[in-house]
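I'd like to ask some things about the structure below.
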Amino acid sequence: MELIKDGIRIDGRKKDELREIKIKAGVLKRADGSAYVEWGMNKVYAAVYGPRELYPRFLRRYDKAILQCRYNMASFSVEERKRPGPDRRSVEISKVTRSALEPVVLTENFPESVINVNIEIVQAEAGTRCAGITAASVALADAGIPMRDLLPACAAGKVGGEIVLDLCKEEDNFGESDLPIAMVPRTGGITLLQMDGLMTEEEIEEALNLAKKGCKIIYEKQKEALKQKYRGNNND
Amino acid sequence: MELIKDGIRIDGRKKDELREIKIKAGVLKRADGSAYVEWGMNKVYAAVYGPRELYPRFLRRYDKAILQCRYNMASFSVEERKRPGPDRRSVEISKVTRSALEPVVLTENFPESVINVNIEIVQAEAGTRCAGITAASVALADAGIPMRDLLPACAAGKVGGEIVLDLCKEEDNFGESDLPIAMVPRTGGITLLQMDGLMTEEEIEEALNLAKKGCKIIYEKQKEALKQKYRGNNND
Amino acid sequence: MELIKDGIRIDGRKKDELREIKIKAGVLKRADGSAYVEWGMNKVYAAVYGPRELYPRFLRRYDKAILQCRYNMASFSVEERKRPGPDRRSVEISKVTRSALEPVVLTENFPESVINVNIEIVQAEAGTRCAGITAASVALADAGIPMRDLLPACAAGKVGGEIVLDLCKEEDNFGESDLPIAMVPRTGGITLLQMDGLMTEEEIEEALNLAKKGCKIIYEKQKEALKQKYRGNNND
Amino acid sequence: MTEIDLISNIEKDYILNLAKKGEREDGRDFDEHRKLILEPDLIKKAEGSCLVSLGETKVLAGIKVDKGEPYPDTPDQAVMTTNAELVPLASPFFESGPPDEDSIELARVVDRGIREAPALDMSSLVVREGELVRVIFIDLHILDSDGNLFDASNIAAVTALHTTKIPVLDDEGNPTEDMIPLPVIKTPVSCTFAKIGDNIVVDPSLNEERVLDARLTVTTEDNGYVCAMQKGGNSEFTVDEIMDCIKKSIKIGKEIRKTILKTTGKQKV
Amino acid sequence: MTEIDLISNIEKDYILNLAKKGEREDGRDFDEHRKLILEPDLIKKAEGSCLVSLGETKVLAGIKVDKGEPYPDTPDQAVMTTNAELVPLASPFFESGPPDEDSIELARVVDRGIREAPALDMSSLVVREGELVRVIFIDLHILDSDGNLFDASNIAAVTALHTTKIPVLDDEGNPTEDMIPLPVIKTPVSCTFAKIGDNIVVDPSLNEERVLDARLTVTTEDNGYVCAMQKGGNSEFTVDEIMDCIKKSIKIGKEIRKTILKTTGKQKV
Amino acid sequence: MTEIDLISNIEKDYILNLAKKGEREDGRDFDEHRKLILEPDLIKKAEGSCLVSLGETKVLAGIKVDKGEPYPDTPDQAVMTTNAELVPLASPFFESGPPDEDSIELARVVDRGIREAPALDMSSLVVREGELVRVIFIDLHILDSDGNLFDASNIAAVTALHTTKIPVLDDEGNPTEDMIPLPVIKTPVSCTFAKIGDNIVVDPSLNEERVLDARLTVTTEDNGYVCAMQKGGNSEFTVDEIMDCIKKSIKIGKEIRKTILKTTGKQKV
């Protein structure tokens, strides 16, 4: 399969081009904050509950809130029906999602508490962890949780010998490597970093910088979604 | 299969005739109250423990006792061996059983407590949920738990185009519908109501009234069982 | 298969001869006490943690420490890969191990506490429960837990019509019976006793006495291991 | 702890007193459903799907169709299973973990309505009798839990079935490129009632659910037959109340059925 | 928390002091079993069954027989599994959930006695070597837990096996209408002893179990061989005590075996 | 409660201040691994094995090889699964039970390095395409958890693979007596870094893990390619820091790879 030809990718995008992305804040009533992200074929909801008292008590931290993250896929979100409930992959993604979000959430403001971040992937096609983190930080902001910054996330990778932004399904399956990151826009610091496949040192540096470029674009969309919500509320 | 002919059902009963039913109160030593019901081929034990302190504490209700019900089938109670432990069916039956019994138990007398109702089906053949509820309310009375009334339960349904009482196995499998109820004899109120299969409005009304008739007969047997126990104890 | 011929067993041992046994105390850093036992092909680690405060609180005993024992086999310890986690066999062995160790541990010295004994079988070939108990009591001593005595364990059994000590794999599989015991050396009391297979009353008596003889030899090796550890520490 | 525990007595009295006056917190009539929005076919990875909004309650149903063995006692019938996930996204009181009694009851009541109507012609989904049949998974993903999950889930599932397309199989049971719709022959619709004091309201809101004395779900099919009922809650119904709910369910069910068929382009003109 | 924790020191001393005087709370001799009642064949849905009352302890054993693959290492043997359910009906201290260590130990000790005797001719239950054998499920349902579940369960299981009838299979392994009894070739009987202070009593009551220092179950078969032993409890036995228990188990086992065979009509006249 | 919670602020400051001065608690340089000891082939019951001691951290890897069906989407590839058991023997904070997020992450990071390098020629382990392939189980048994389980586990797993011998299969897929080594074509080595304040150290000790701000594991293969990365911890990395870790991982990886190949007799002379 020829994944890239004359700089044009299998789905028609340029190397540094993102798939189409829509972000909406405040989409659920029960949650304290929520967001919905469509990213290519991915459809992702995020909901935040808290800060609230943590039970059982022995899990409490005297100096900060505990951040609990849950990444979950709907049974019908993928080609082959997935059995409901967490599998090993989603347990790992839940963990790296928490690790990505922790640096931007001011957990120290809410000792003894818990903040719950729930991410539901209702349709999946390459890049759900980045879409989930992107949605989650908008939902956190929508919930009024104080944050150092929003947290956009985006992958870059190597496909057909070239470094490209935001891999689609075929690129993910048949490309050489995938490198998802989450970036704190204010500092440029990387809070999510995973990688699989083969890349040289230099290729990784190129991919990191390209992914950061993607994060900046997504950051603007995140802010726009929150402004829309604010405007929308004023119009109510 | 012809399920009914000239008003006579496949097992020889008339349309408004119950299967043979035996009820015995106080059959287990360890339980605070217990009962055994044989209903056709069904053989059912019920045991009540409590009221006792509820742990963990956060489950307690300041204004009433929690009623916990567990409906369980022995592995050997059915044709094909059943794997031990609760399946989805028994979880649902446990829930509707609790919902049926709650209105007759004076849970408000025992705040912060739990009352446990355990139902074991050791042989099953159509109608175990009604047999279980029938046994459970006798066991509650045997345990001395204050109640508004005993709670008889009985099904009616549509079989071969006719409304009949207390479906047997073949009628349950090949009939048109089944409608189990539990009735508070003092008020005629319905506390258990489920139905599957097809019936018209009018047929349902007929079935409800027939099932209530069945409940009244069972009520007498429940009271008799408790009297027998009382008499038996006096003879000891 | 001829398991014994002219008093010589299939692996070349005499009837009252143990397989080769090595015991080492203090082999793990994190544990409060630890031991490693090689016994024939068996390779066993034991680690002790505690006494420490027991949670949840309602499990605490006001008059003594709770002894928690966990016997576990590594997936790769046996011919056919074993699924990780406890199976019914290991749950039973964990229970009889606790029952064997309780009489020699002065649990009454540490009310409200828990002492954890963890046994990991990393290679298994007949006799792991005895090897585990043997290792565990050395680990308990290494942890400085006060004990009435060390607890050696050893099996005897009937193989090819004769009573032999410490069955090897083939003897365990094709012999007539196996009888593992643990013995308190100071009193000769038996704290572990299981048996399967067929033996007469007289054969059992012979096997018990032979197994006790084995325990005495193992007891010397246990003491030697602890002395070695002590010497070793002095040399540090 | 369930959601029901957490309402104050003041709120309870408020809703109860409103009901006595024939009123509801959100201004609805007793027999009035909240606003119903159907968004079919949102999930391209599923063979069928529908997002239902019933007021603020949101349920996403997805249908996946696979092949497998029939149950031994029904060798000439397709296999259908219904599952409901009350994910913690949807409510502060939902917890992760295996299905609890609430999600099991929800799935089983929706399943029973579909099975008993029957919504599907299960015998036409057999590839080789006793050996190979279609296996239909109905998965209910609750997104926002704001009252009356039963009806929102029923409507989402049934509408999703109406939108489901499956590949025609060849003689060996392998999929061809031709797609056909699932044989949906009935459109069962459930109607859930809450008894609050002596009054009965349809489509209870979250607050009404919290204070209800008893609950009744009645599922009806196209010809006005009742195909499933389920009582819940800690109080009792009279026969008259039950019959009244049935009448209303038949009436309201007709309206909702029309909406489903219109949305999925199945309405007979 | 186990039942053992909950007896007061006063009760403990009382039972201990009685034992020192050679007495028991319920007036029995040290070597005396409680009243044993066998009610075989109560469960028609099971291929075999027996309800055992040992004093107030009640255990219902059911036998189900299916077909399946043999274990790879025993291609010429039927498969047998034993399971015990300590359901919350039977004791205020039993909890629902997967089998805990007590129910696992109980099932395994009963299983071992039956397997090692051996009670069944496992090689005669093979349909096609390495491919298809009978699978025998022994399920122990504890109904009332009033002491000595080991012996009540052993007797229930063994008696139920004696009553079990299975269909003769044809050459393809399909059941015919002819029924044959399971090939029960031995009747293993367990005897459980409680060491209380320096005294040893048979068939401990619930209170005796709560105070016992150590427990020993000895299972014997028809020819007087011991086929299984299991020690429990937090104290030790001397070799003499063990040998004494074995002697008593052989003796008492004979009596109980007679009762089982008589009840099931298998006693040789 | 995790181990991380339990360090006092005093200890935290101590390690942080040491790092500012370019020092470590145990006297190592920032780029210095602890002493590494490989003991391959200790477990005869496994087809391959290795006990790794990295300082006091001890991980025992065992390889079992079986046969089975390939995954439907990779019919021409062997199946490999990696599992890590953080047994309570190894740390006062490990609990028995199903794998938690820490053991799952550990297993998956080790697995990814091996899979992506790729360490094994998976296509040469196919018996019949789409039907029968070798199934390789990598089981990591943690014995002593004293910091940096990632690298100890990676090295144990990779070395164990190098020592693994499997029987040649005949045409029917049955094992013959001839043994061949697993086709290990690459030796992926991971290097884990801890960011403590503004400093980055390799191979963190337990105390360093407890105070670290962020963690980065970089796995490299024989040709200097990176094949896997995983960031952990509650802080962030700059791109420069990441690139610095990658350079160091390539360098340190080479040394460790040499040790592995030497130990297993695979070093090219």
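General observations
Letters A, B, C, D, E and F mark the chains as written, and numbering starts fresh at 1 in each.
Just so we're on the same page, contacts are C-beta pairs under 8 Å (C-beta built on N, C-alpha and C of every residue); 3 or more make two chains touch, one makes a residue touch a chain.
Bear in mind the structure is a predicted one, so any value in this text is a computation, not a measurement.
The set of chains in contact with chain C as well as chain F is empty. Taken together, chain A and chain B share the touching chains D. Among the other chains, C has the CA centre that is most remote from the centre of chain D. Centroid distances from chain E, each centroid being the mean of CA atoms, peak for A. A straight line joining the Cα centres of chain D and chain F is 48 Å long. If you average the CA atoms of chain A and of chain F, the two centres end up 27 Å from each other.
In chain B, the positions touching at least two other chains are 58. Listed for chain D are residues 99, each touching two or more other chains. Taken as a graph of touching chains, this assembly is arranged as a ring, one closed cycle with exactly two partners per chain.
Order of chains round the closed ring, starting at chain A and going on to chain D, comes out as A, D, B, E, C, F.
The residues of chain C lying in touch with chain F in their complex are 28-31, 41, 43, 45-47, 49, 52, 70, 72, 74-79, 81, 84-86, 116, 118-120, 122-125. Listed in rising order, the residues of chain B touching chain D in the complex are 58-59, 61, 88-89, 91-92, 94-96, 99, 102-103, 177, 179, 184, 187-201, 204-205, 208-209, 212.
In the complex of the two chains, the chain D residues touching chain A come out as 42-46, 49, 56, 58, 60, 62-64, 66, 83, 85, 87-92, 96, 98-99, 137, 139, 141, 143-146. By the touch rule above, chain E contacts chain C in their complex via residues 1, 5, 99, 101, 104-105, 107-108, 112, 115-117, 216, 221, 224-239, 242-243, 246-247, 250.
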